[in-house]
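You will see chain A twice below: alongside chain B first, and alongside chain C after that.
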Partner chain A sequence: MKIALAGNPNSGKTTLFNAITGKIEHVGNWSGVTVEKKEGDVKQSLNPRNEDLVVVDLPGAYSMSPYTSEESITRDFVQNENPDVIINIVDSTNLSRSLFFTTQLLELGIPVIIALNKSDLIDKKGNTIDVPALSDALKCPVILTSATKSSDNGMPKLIDAVITLGKSNKKQIPPNISGVKKASTKEDFEKADKKRYAFVNNVVTEVERRKVSSEKQTLQDQVDRIIAHKWLGIPIFAAIIWLVFSISQSWVGPLLADTFVGWIDMLYEGIASLLGEDVNPVVAALLLDGIIGGVGAVVGFLPLIMVLFFCLALLEDSGYMARVAIVLDRFFKKVGLSGRSIIPMIIGTGCGIPGVMATRTIKNERQRRTTAMLTPFMPCGAKLPIIALFAGVFFGDNSWVGTSMYFLGIAVIIISALIIRKITGDYSKSYFIMELPEYRLPSLKRAAISVLMRAKAFIIKAGTIILVCNAVVQILQSFNWQLQVVAENAPETSILASIASPLAVLFIPLGFGLWQFAAAAVTGFIAKENVVGTLAVCFSITNFIDVEELALVGGSTEVSTIFGISAVAGLAYLVFNLFTPPCFAAIGAMNSEMESRKWLLGAVGFQLGMGYTLAFFVYQIGTLITTGTVGSGFIGGLIAVALIAACVGYLMRKGSKGNEISAGMRSVKV
Partner chain B sequence: MMALSKAMLNTTYTVNCVNTDYEDIREFLFTLGCYPGEKITIISKLASNYIINIKDSRYSIDEDLADAIMV
Partner chain C sequence: MSMVDFIVIGVVAGLLALAIYKIVRDKKRGVKCSGCGGCSGCPDKNLQ
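Presenting the complex of A and B:
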């Protein structure tokens, strides 16, 4: 039996999906988190007779006539794949809008069950809903559910009703709304839709009593006035992000990391003593320094990432992120994007891949492609270890490093969007409308589940891709081209060094022209966590996190001496890694969302140029300020940056000229 | 008749028409319950956005859209 979950955005479809399948798909208290359909089996405890029950979670839709592409996924599925039962999730605080979609679903002939979700809020708001009357009016079963609760949430009743209905093989009888069936022309459809709404209004007046009329000001509206205030909104957002980075990087994160790294150290020593003295030193180094050291250096940052994700999950759950979109909308509007583009970017702070995928909700093609191109500039989870490492080594674990990288990301995105708009010459506007979810107290449990899911993904990645990469790096740096073991005092003769050295020359104007850094930047394209792992392997540092003192990166002066670059160069390297193209997986996601080879190549080229240019300015200006003279390779770097700028400038001119031509053609047409 | 952007806060108006060349946004607003004859209230103006109430939901819309909705 195939069961489809359909309903308005933010009615809790995915939460309900998780509740009945036991899966942990990403949820958030805002519209448009789900952009693809997801399938799962109903979990055993709700399905004691082991029936074949497949549930499909669909993206939210307000109607069967699609406005956004995720709405068309929903419509196509419901119309073409013939689910046996549709569970229509209806937000019980918003019957008057939600039931419009319900009337359309009821006309399909597929049995519909209404899950009146968020039912705990009915009482809380002092409203009443006459459930039997609602069920009578719509001629379908109505079950009260509360998917966020773990017990007494209405799920067993819902699944029982689904099984009964699905087995009865009865066709759904649509409510009698005159004129709906005969509609064929556009006017007819409009008339029919108005009749639908009139029908819904009648039903709602009959079954629902509201204590407070919804157009009255509430406490939430007062809060919004401060949080999404034109000017106050920005410092509030900055303070919240700073707090998130402080908690994860300076307070709770290091505490957890210390314990955790203690275990990794024990493992390292345990294996070292197991191996003893007799094992081949190359093999021992591969196992200890390459695999345990390299992977351990990355995994050591896991507690910190988990704390950060925990905070972000709480923020998402609270409904705050939708307010951020309002605050930033006007800046994005000035550069040809809109508040819609902010949602992918916020999701991209967790991981760039779902972030890029979330751009699908943007209808305007140029805006969608631009957003897919710029979303990877947000510091994703994999980039956090790099931030934490460099903040620790060079800046005494200061939380401003992470916070400023976050906001630098937003600033770079805005500037880049401006450039891209000039290049494309597309000045089309689009309207911005977004449902404002109600604030709610974030659930610690939901946040914990989401963090555990991410931690699992991280550990799997560390045990596969990162492990293999570190092993390869270790082997490449242990041998020279004659396949002899590299002498201890001549590491630059290794295969790795000879491959990376030509690249390192390019990085001299950026302050980190050492083969180790070049190698780490390259392995970073496979997975950004590799940057930390490769640095650990190349500099033979087994552990960045010091368990002796309560600091994230202990003995930081030692590490910075081993690195052999200045703090300014360290910052430049950090910036370079954050603003160059993302990992291959994210580039793949960009490819599928952009649907254009030309855009993809342009995007990767642009990101490379952006990373290089930013790192150049950070290093050269920083060096000028700290030492009074420009840094190494200034002239060469300046030429390179000037070339990049010239290319971009040429494309921008060409773009605006193209726009004049097309504007001219338009005026001819008129 | 005037644009919603000129309307007063906390006053319930009746939508007259949605004045735009983009058919899809008009249809989208319809699915939210924003169409001629329905009620609409501005709750507040935040940043450059208008927070409006349609049916039982709050939405954030930008100035351009507030200009297009005639009440």
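Presenting the complex of A and C:
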């Protein structure tokens, strides 16, 4: 039996899906978390007779007329794949909004069961819903559910009702809304929609009693007036992000990292002592420095990343991140994007790939492509070890570095969106309406599950791609082109150095013209964590976290001396790695979502130009401020940046001209 | 090259073979995702 879960965004479909299948799909306290359908079997405890029950979780939709691509997934599935039963998840705290979609589902003829979800909130709010009357009015069973609860959540009753209804083979009788069926033209549909709304309003008036009048301001409204305020919202957001970075990178994270890195150190020392003095130094270095040291240096940052994602998961679950989208919307609107673009960017702070994929919720093609291009500018999980490393090595108080990189990412996105709008010549505007979810106490369990899944993926990645890359880097660093072992005092004769050195020349104006940094930047395109791993291998640093000092990077002066670059150059390198193209996997996701080779090439070129230019300015201006003179390679870098600017300027002029021509053609047509 | 050297080389080769096997197997299974760490937020479960 195929069961479809359909309902409005943020009605709790995925939470209910997890509750009845036992899966742990990602949920979020905001709309638009699910953009693809997901399948699962009903779990054994709810299905003791082992019936064949397949549940399909569909993206949220407000109606059967698709507005975004994920809504069309829902419509196409419900209309074409003939599910045996539809469970329509209705947010019991917002009946009048939810039932419009219900009336459309009821007209399909497929048996519908309404799961009146978030039912625990009905009592809390002091409201009442006459469930039997609602069931009579809609001519379908209505079951109270509370998917977030682990027991007494209505799931057994819901599944029983689904099995009974599915086996009955009864066709769903639609509610009697006159004039709806005959709709064929746009005007007819508009009239039909009005009739549906009138029907829904009547039903809601009959079955629901609300304690608080919707005209009155609730506590949530009052909180939103501050948190989502157009001016106050920004400093509040900045303070929260600073707090998150402080907890993860200065307070709790290093404490956990201390123990974790201790284990890695023990492993390293244990194997080193096991090998003894008799092993060939090249072979020993391959295992100790290349594999254990390189992978360990990256994995050592895992506790910090886990704490950061735990905090972000709590924020997301509380409903705060949806307010961030509202706060930033007006800035994004001015540059041709909208709050809808912010959702992929917030998802992109976890990983750029799902962030880029989430752009498919954006209907406007130019906005979708622009968002896919700019989402990787948000510091993702893979970039966090780089931020943590450079913040720790060069800057004592490291939490402001992470925070400023987060906000620099947003600023770069806004500036880039403005440039892209001028290049494309598309000045179309779009408006963003988002239903703000209720604030709720975040679930520690959900946040913990989310973090554990990320940790698992991080370790798998470290044990596969990062391990292979570090081993290759170690081998290339150990031999020269004649396949002779490189002398200890002549690492610049290695294969790796000879490949990376020509690239390093390009980085002289950015302050890090060393082959080790060039090699790390290149391996970073395979996976951004490789930057840390490659630096560890190239500079023979076993780990970057000091277990004695409980500091993020102990002996930072020592590490910065080994690196051989200034703090300003370190910051420039950090900026370069954050704002140049993302890893290949994220570029692949960009390719899928952009559906245009021209846009993809333009995006990668733009990201390269942006990363280079930003790093140039950070290094040169920073050096000017700290030493009173510009940094090395200033003229060469200035020429390169001028060429990039000229290129962008030419494209912007071309875009504006194109826009003028098309505007002229439109006026002639008029 | 001593016996220990060969053992270490064997261990390293084994680790690399396992890592490459996992990467290749995932690729054959159509897993495009390289393991970014954002699985819980990934909207496309087919990629994992």
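In this section, the second predicted complex is superposed on the first by the 664 of 670 C-alpha atoms of A that agree within 3 Å, B and C clash if a C-alpha of one lies under 4 Å from a C-alpha of the other, contacts with A are read in each partner's own complex, and residues count from 1 in each chain.
The definition used in the following text is that a contact is a pair of C-beta atoms (placed from the backbone, for glycine too) under 8 Å apart; a residue touches a chain by one contact, two chains touch by 3 or more.
Treat the numbers as computed from the prediction; the structure is a model and nothing was measured.
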Which of chain B and chain C A:S318 touches, first, second, both or neither: neither
Touched partner set for A:H229, first chain B, second chain C, both or neither: first
Chain B versus chain C as contact partner of A:C380, first or second or both or neither: second
Touch list for chain A against partner chain B, complex: 62-63, 65, 67, 93-97, 100-101, 190, 193-194, 197, 210, 214-215, 217, 221, 224-225, 228-230, 233, 322, 325-327, 329-330, 333, 338-339, 363, 429, 431-436, 438
Of all residues in chain C, those that touch chain A in their complex: 1-2, 4-5, 8-9, 11-12, 15-16, 19-20, 22-23, 32-47
In the complex with chain A, residue positions of chain B that touch it: 10, 12, 20, 22, 24-25, 27-33, 35, 38-39, 41, 43-44, 46-49, 51, 53-62, 64-65, 68
Parts of chain A lying in touch with chain C, wherever the complex brings them together: 24-26, 33-36, 38, 275-276, 278-280, 283-284, 286-287, 291, 305, 347, 350-355, 357-358, 380-382, 449-450, 453-458, 460-461, 463-465, 467-468, 471, 527, 583-586, 588-589
